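Chain IDs A, B, C and D follow the sequence of writing; residue 1 opens each chain.
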Amino acid sequence: MKKLIDNVEDVVNDALEGFVWAFPEYLHRVPGTHVLVRKRPKADGKVGIVSGGGSGHEPAHGGYVGYGMLDAAVSGEIFTSPTPDQILEGMRAAHHGQGVLLVIKNYTGDVLNFEIAQDLASDEGIETARVIVNDDVAVEDSLYTTGRRGIAGTVFVHKIAGAIAESGASLPAVQNGAQMVIDNVRSMGFALAPCTVPQAGKPTFTLAETEMEMGIGIHGEPGTHRQDVKPAHELAEFLLEQIAQDLKLEGGSHVACLINGMGATPLIELAILAKNVGTWLTAKQIAHDVVWMGEYMTSLEMAGASLTLLRLNEELRKWLHAPCDTPALRQGVGYDY
Amino acid sequence: MTTEQFVQLWQCFGTVVRAHQEHLDDLDRAIGDGDHGTNLTRGLGKMQDLWKDPIDTERNLADLSKKVGMTLLSTVGGASGALWGSALVKAAPVLPSASACDDETLVLWIETFVSNIEERGKAQVGDKTMVDVMRPAVNWLKASTQEGSARLPVLRELARQWSEDTKDLQARRGRASYLGARSIGHVDPGSFSSALWWACVDRVLGG
Amino acid sequence: MKKLIDNVEDVVNDALEGFVWAFPEYLHRVPGTHVLVRKRPKADGKVGIVSGGGSGHEPAHGGYVGYGMLDAAVSGEIFTSPTPDQILEGMRAAHHGQGVLLVIKNYTGDVLNFEIAQDLASDEGIETARVIVNDDVAVEDSLYTTGRRGIAGTVFVHKIAGAIAESGASLPAVQNGAQMVIDNVRSMGFALAPCTVPQAGKPTFTLAETEMEMGIGIHGEPGTHRQDVKPAHELAEFLLEQIAQDLKLEGGSHVACLINGMGATPLIELAILAKNVGTWLTAKQIAHDVVWMGEYMTSLEMAGASLTLLRLNEELRKWLHAPCDTPALRQGVGYDY
Amino acid sequence: MTTEQFVQLWQCFGTVVRAHQEHLDDLDRAIGDGDHGTNLTRGLGKMQDLWKDPIDTERNLADLSKKVGMTLLSTVGGASGALWGSALVKAAPVLPSASACDDETLVLWIETFVSNIEERGKAQVGDKTMVDVMRPAVNWLKASTQEGSARLPVLRELARQWSEDTKDLQARRGRASYLGARSIGHVDPGSFSSALWWACVDRVLGG
């Protein structure tokens, strides 16, 4: 295991320190916690938004703390959901009198720990609501199981819920907006090479030089199946077909796209994937509006990518285009030509 | 069960889990995210640290259950941390605010926190989780007519077997459920650590 | 070689298409060329800025095309300087009546091809000037050799020259500003794992599981020496000492920092490196202003990082903080709290 | 040299470089960025494409030199593309706008483009570049008293040796110079491809 780290035990703490050091105008760390909050808090009277999860998904989630997105991000150990006491700290910091929305990715550990934290916050008189992101179409959605995982589509939830909250909307309105995103967003990913959790010291799975893993999550979990490495256009087609089928997209639909690198896949390869996404959408006569391409929700140094489509309506489009200013996502720079 | 035994039980669990950390991680790597051993070791290690100094004056089982629960809740993380932690906190009132309890109370305490795990996790026997060991174990204890200390070595072996039996199941709860049929053929890590817990129950309270 | 591509021959073309598809509001491709230009060109009467080089350094250079940075970026094949005809196309597209500044990284191929293009542009009556970036302290600076390489520090040149040009300054003024950056910027990098040029199909060098390469460039070239993998704080110290010595930094100096990933190193590791950079600067009583952390100038899927320090004065600081709006770097989002 | 021979010379160079592409890339990988073979193959291949149809009517050596130069300039990229390309363009006027030239003009043409390479690249013999083959080769040609066609096989072997001799040098120009002393012990890729060019000169114009 070759990693640019000092000590496997300190990885999360050191990275949080590095983030705060690199983005002092955006981030503040609640002392003694794994909680990053906005340096300049939101105005009172606006709904706070807290997200979080295991570490190892950077820039998620600390990278999305800032104007127009999150108020606080809570980090667990690598790939391990944060604990309720930490989440509670995040909720306290994010609370500006109008309640707090929790954005939770659908993993048992995350759901349970956030749920317990929500109980604790209620005990303190903090009004809370939550949404559970479950965008991964690689996993069957069934009432009788845990359902689908939450992966990169979460970033669209941050963006849109953040914009709604920034507008001064109520907690139910922010929650509804977030849920509208969740109802319309689907993702799927694959790995060309696995990742290694620092403390474990060995890869989460192994692949031969010609193999890839389809339908992976963001924790180095094995995916749905293993197959020979395919060219980018076949991968794009396969993922898009799964997603589009689940979303029941058809000619004339409007979508936003997220072409997300898993950590070790360089931008030049993501751009090639993007080109193929564009070709496919055009062929299907599906219009696209926003495209995000880069590393938004990673899995340590896994090589691979995920695709996310968000079906847009007028409302979602409006919030998606609203300005935001965070370490990882900034848009809406104003200037004269 | 005395407070000494209570503390010994969790110290034993910490030691045994640490010894099996890599195996637990490997089990979790196969059908989860490979951190179950690391998670429990972190939390139980923290608890052992708290108890490094001569056991404090807190000769109060209810408080101890709450304390262990809170510690696990804030240090383990993941599904297992939330389940063990919150269940122990919720089950604490079942124990007396005293330095010992009888066998019946002990079983009720276990029954209560296992029920809490089931409720919180919405898992049933057969879902391929820790419940596949915890629930049959409590039920067996309740149904058993043997003496408390004599029956525990038997239960310890049964728990081990119940964990082994999760191998053939398809996961319906927890991270392994994302794998669908691919989860079949692997032992559930949480069931394995649960069996280790029963081994400690035997070691500390058994004959 | 596992890559997310369709065809080794088409990598550069496909990636350019993907970039333009993903960033339509920023980028336009001059038809039939490898030139990306601003979608909304700069106003007439302002100096144009053209940069470029081999592909494989994404987001460099197309990612920096936009308001406040570049007017055009010219891409060669992977790690191969672009040809004069392509560079000329870029200069034509970037020319708005006030001349064009060429930002060239100091590689023989780049310097020669840009030089020839400059001659061709002059023949067409385009006034031109150029600066040559040579920030890599891993390489000895000598009059009798090619001198130092240009690496990640180039992005500071783009940022500051871009801001000066946007202000309406003359060609000599923009060139002087760019040169001031070059005189004050130094970088050095290392690799934990090599990269593979798609057409070559094999790694540019090989490293054992415990080895790393110090002083690498951005083309998969071997570096200055090979050594055992070191912890992040030792690497940070080593690089910073080389850089600070060359820049003659002392307590009280002000710098901007770039913590740059080489392609496969995830953000969490860069953050750990950043933390150590912060610790070192604080210990040396060197004040820092801007920090950029992320992938700014990569080397395909090489694992590793580079550090860059830019010694700041009041003027440089001002331009560094000016707004810019490009695919890869945006700052200056305006909003009310 | 006739226009036919001129075309044959570059077609030969394209074929021979393609055959040695991997070796040239390997040489460049050791002390550069591993693309020298790929670069030249791309450019020379493009030229071969242009000439696929029966050689056009352009029976004009000066134009051909310019055309080859422009093609290399716009397709090879890197240091070698700029050097070969611009030098051939600049040397074109030395050749007649006719379908043949005498040996003296041929040598003057080579001398001119080699001088251009030296000027543009600011490289001298000993800097571990293509100049280490090109310059001694022209000088040897000029000094040689042998017949044109007979001396070429000798020169071809000499060029090969001069390229081999770059192994012991430390690079002072081009990408290899960044390696400092670490560049010693490897043959310069540009010198090797230059020797291949002289081999083609021999094959097309030699005895």
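Observations, loosely collected:
By definition in this document, contacts are C-beta pairs under 8 Å (C-beta built on N, C-alpha and C of every residue); 3 or more make two chains touch, one makes a residue touch a chain.
The structure presented is a predicted model; accordingly, all values stated were derived computationally and were not measured.
Using the contact threshold fixed earlier, the set of chains in contact with both chain A and chain C is empty. The minimal number of chain-to-chain contact steps leading from chain B to chain D is 3. Chain centres here are Cα means. That of chain A falls 32 Å from that of chain B.
Mean C-alpha position of chain A lies 54 Å from that of chain D. Touching of two or more other chains is recorded for no residue of chain C. Counting partner chains per residue, chain B shows two or more touched chains at no residue at all. With chains as nodes and touching pairs as edges, the resulting graph is an open line. Contact between chains, per the stated criterion, is found for A-B, A-C, C-D.
By the touch rule above, chain C contacts chain A in their complex via residues 2-7, 11, 14-19, 21-24, 40, 42-43, 55-56, 58-59, 63, 67-68, 192-193, 209, 212, 229, 231-233, 235, 259, 263-278, 291-293, 295, 298, 300-301, 303-305, 323-325, 330-335, 337.
Of all the residues in chain C, the ones that touch chain D in their complex are 54, 76-86, 107-109, 112-113, 115-116, 136, 138-140, 144-146, 149, 197, 199-200, 204-205, 217, 219-222, 224. The touching residues of chain D, when paired with chain C in their complex, are 25, 29-35, 38-39, 42, 73-83, 85-86, 120-121, 171-175, 177-180, 182.
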